[in-house]
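Listed after this line are the structures, all set down as structure tokens.
Next come two complexes built around subunit A: one with subunit B, the other with subunit C.
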Partner chain A sequence: MTAALLALADSRLPAGGHAHSGGIEQAITTGVIGDPVSLAGFLRRRLTTAGAVAAGLAAAACRAVDVADPAAVRPADLLAALDAEADARTPSPAQRAASRQQGRGLVRVASRAWPDPAWASLPAQPHHPLALGVAAATAGLTPRDAAHAAAYLAVSGPATAAQRLLAMDPITVAAVTARLSPEIDRVADDAAAGDLPADTDPLLDLLAEVHAARNDRFFAS
Partner chain B sequence: MPPDHNLDDYVDPYSPGHRHGGPLRVGLGGPVGSGKTALAAALCRTLGAEYDLAVVTNDIYTTEDADFLRRNAVLPDDRIEAVQTGCCPHTAIRDDITANLDAVELLESRHPGLELVFVESGGDNLTASFSYGLVDVQVFVIDVAGGDKVPRKGGPGVTASDLLVVNKTDLAPMVGADLGVMRRDSDAVRGDKPTLLISLREDPAATEVAEWVRQQVRARALQEA
Partner chain C sequence: MRTLVEVVARCDARGRTVLPVVRASGQLAVRRTGSTTVHLVATAFGPLGGDDAEIRLVVEEGARLAVRSVAAAVVLPARGESPPSRQVVRAEVAGVLDLAPEPTVVTARADHRAEVRVQLAEAGELIVTEQVLLGRRGEDPGRWTGTTRVERSGRPLLHTTVGLGPGAPAWLPPVAPRAYVSTVCIGEPRPEVRTGVDAVRLPLPGGWVGTAWAGELHDAVAALASVTEDVELVEVAR
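After this line comes the complex of A and B, so read on.
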């Protein structure tokens, strides 16, 4: 089912991600990012914190809709608990809103692509990783696939945002993302195999909050 | 579809299901400075008393056009939603319409009787057009000051929009633009689809465009019936 995974992680999937920078816009404004090296450093940092958490949640959500006995363990209860876990792991209100906004967008497109009763188990406007996990399950993918999509999306979208905002060489930015592949794989594998990660990055939280208060931003987050 | 099948039996397996009720969604697109926001404001003023209406704006920055509409008090705040387009106004109305759909749905849930929503695109170029997943009909606004060659240059907005509006006809003598050429070239590339040459400065009510919008609302009501 590799093709479904590629479709899910494709930046052209119209799920609303193109309007989110994942903190990149504010990182550029404050001077944290200004060139490919600092971009790679930021993306790596994002991958191992927010990316790991998203990957763990996506894998868990994928597992939640695939329980052996749905009558005994209701997927809706599991997903509601995971949604609360996502809230608890996302201290910044702006990041929580951005995650739910993207979750809603993904549900819109993925539930049309892969119609399935499982979609009814998701809370309204779920966190993005939960929507991703359910999308993976309905597309016939594994929890590990869901984790990989989440980890990859944690860097691919923000990388594109940096390219647009700094008018960077798109080929350089593609190289930055591509060379992170082994680390993305590692984060995804670890997140899918173990307990829910709870890594946080105060810098990302802070950037998100400062960004949300601006009225001159290009990106929604 | 095989010839022995009835159209009524045909089910599109990809369809979101027909959107019953809900407002007519009208896209307003066009190049920067052609008068999209001025037209949106004019239509709100002219049609605001007739229809339950709202506007979604797509800006480079967050709220420039939305603020213009608020300042001019054409609509209450809760009837204007602005979306961020991530440096890609074009993407937000055509390739990934998520943020705009969210905004339209928010307005619909806030105003259950909504009859008309204008979705104003960020200023873009001649290749910009709206996805019909986002709007029911679209208006493309160009202006005389951009040069009388624009209709001939074409692009999906000029050729395929449901209504082409050529604004600022009052400027034609000053910029040496030939309105006859613009009319002729527009008709040549647009087939039967209408083109209106207007001046929002001379007619701040956008009378002809408003009438076209009324026709679209009526046509949609007939479809729904």
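After this line comes the complex of A and C, so read on.
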């Protein structure tokens, strides 16, 4: 099963994540990020807030389509409720749009990779973590795996975006991301085991909205 | 120390709000200060580490309730290894609730957990303002974790947890503010997004949430007003 998890978290999976910087582009513009130290700090903020929420939602979505008796509890109802919980945790319209765009992109590739009736239970343009959770389930992975993929993707894509925008040394950026591994694991394990996290960073909301209003941006978010 | 406050606002046969239940025990007293207003009054220093307060508010259909406090709450650590203090507001709102206590000041070494959980009926309206300052003048910041969950007819409209202060994982330089203010308003047309300097207002179904931060509380209040001023925040944020 491990290979399926690696495929799901691989930045080369053509799910559209490369078009999103997760707030990095605006953080660079406003001077919040400028070097590896500030990048690591920003990725940690993102991991422990948006990353924790995504991990919790992904694990829950994976569990939702893996229910023992689909007749008693409809996966579609569970996923619709999770989609509402995702909206409640994502009041920023720009972040909602980015999440749903990436969710749609992931459904496109993962439903082809792992065809399964479970895909029909997802709402039309699902939040990305929901699509990730269903992808994990259809690939035979566990809710914990789904949480780990979500937490990892919450920092890996933005780290690559920072490398491109700041023309940073790729080895330095890879090291920054790799050194976050223990924290990624902890965030994912906590999110998969407990209640749905709701951690928020108002700075990310502000950056996302200022970014969305720009017309000179390279990334969609 | 355990503290419990209960207030019920009801609409009488003549359409006026009455308050059939106004009671408190523990470290808070509650006083009627107007026909639809109560003030919370601290009867002891604190809260202290380990203290637990619950404020239950019910605003029935057609009724209005404004909840204020007479002074800032200064959260102090207990001696030695101080456990967190907690304050939970649970509100069921079919009428109109306006909740705007004075600021919470979290002193060095204190760890305060604040929760606001609101269940709105379909016609319920809400305005909640929180103001937080980490540390008194010249003092190290304490830690504050605030969770807000608002549901309308069982559907979540907003659910966020913000962690501030040393040890909070997302409270990191260069953006590690000592002052934080937030207002949630439900019962207005959905507005546009507005952004300011360290302030943002985001639309919600039937309302909005505004958030701002700064080094000083009055700057955070002004920043929040700059993105919400068209919605009469002046009195709430005063």
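Simple rule for what comes next: the second predicted complex is superposed on the first by the 221 of 221 C-alpha atoms of A that agree within 3 Å, B and C clash if a C-alpha of one lies under 4 Å from a C-alpha of the other, contacts with A are read in each partner's own complex, and residues count from 1 in each chain.
By definition in this document, contacts are C-beta pairs under 8 Å (C-beta built on N, C-alpha and C of every residue); 3 or more make two chains touch, one makes a residue touch a chain.
It should be emphasised that the depicted structure is a prediction, and the values quoted were computed from it without experimental measurement.
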If we overlay the two complexes on their shared chain A, which of subunit B and subunit C does A:Thr49 touch? Say first, second, both or neither. second
Contact-wise, after the overlay, does A:Ala220 reach subunit B, subunit C, both or neither (first, second, both, neither)? first
Given the touch rule stated above, what does A:Leu203 touch, subunit B (first), subunit C (second), both, or neither? second
First (subunit B), second (subunit C), both or neither touched by A:Ser38: second
Return first, second, both or neither, reflecting whether A:Ser156 touches subunit B, subunit C, both chains, or no partner chain. neither
Would you check which partner chain A:Pro91 touches, where first means subunit B only, second means subunit C only, and both and neither mean what they say? second
Share the list of subunit A residues that count as touching for subunit B in one structure and for subunit C in the other. none
Which subunit B residues qualify as touching subunit A in the complex? 14, 16, 60-63, 83-88, 91-92, 95-99, 101-102
Within the complex, which stretch of subunit A touches subunit C? 31-32, 38, 41, 44-45, 48-49, 84-85, 87-89, 91-94, 197-203, 205-206, 209-210, 213
Which residues of subunit C touch subunit A in their complex? 147, 149, 155-163, 169-170, 172-175, 180, 193, 195, 198-200, 202-204, 209, 211, 213
Which bits of subunit A are touching subunit B when the two form their complex? 12, 14-21, 101, 104-105, 108-109, 112, 161, 164-165, 215-220
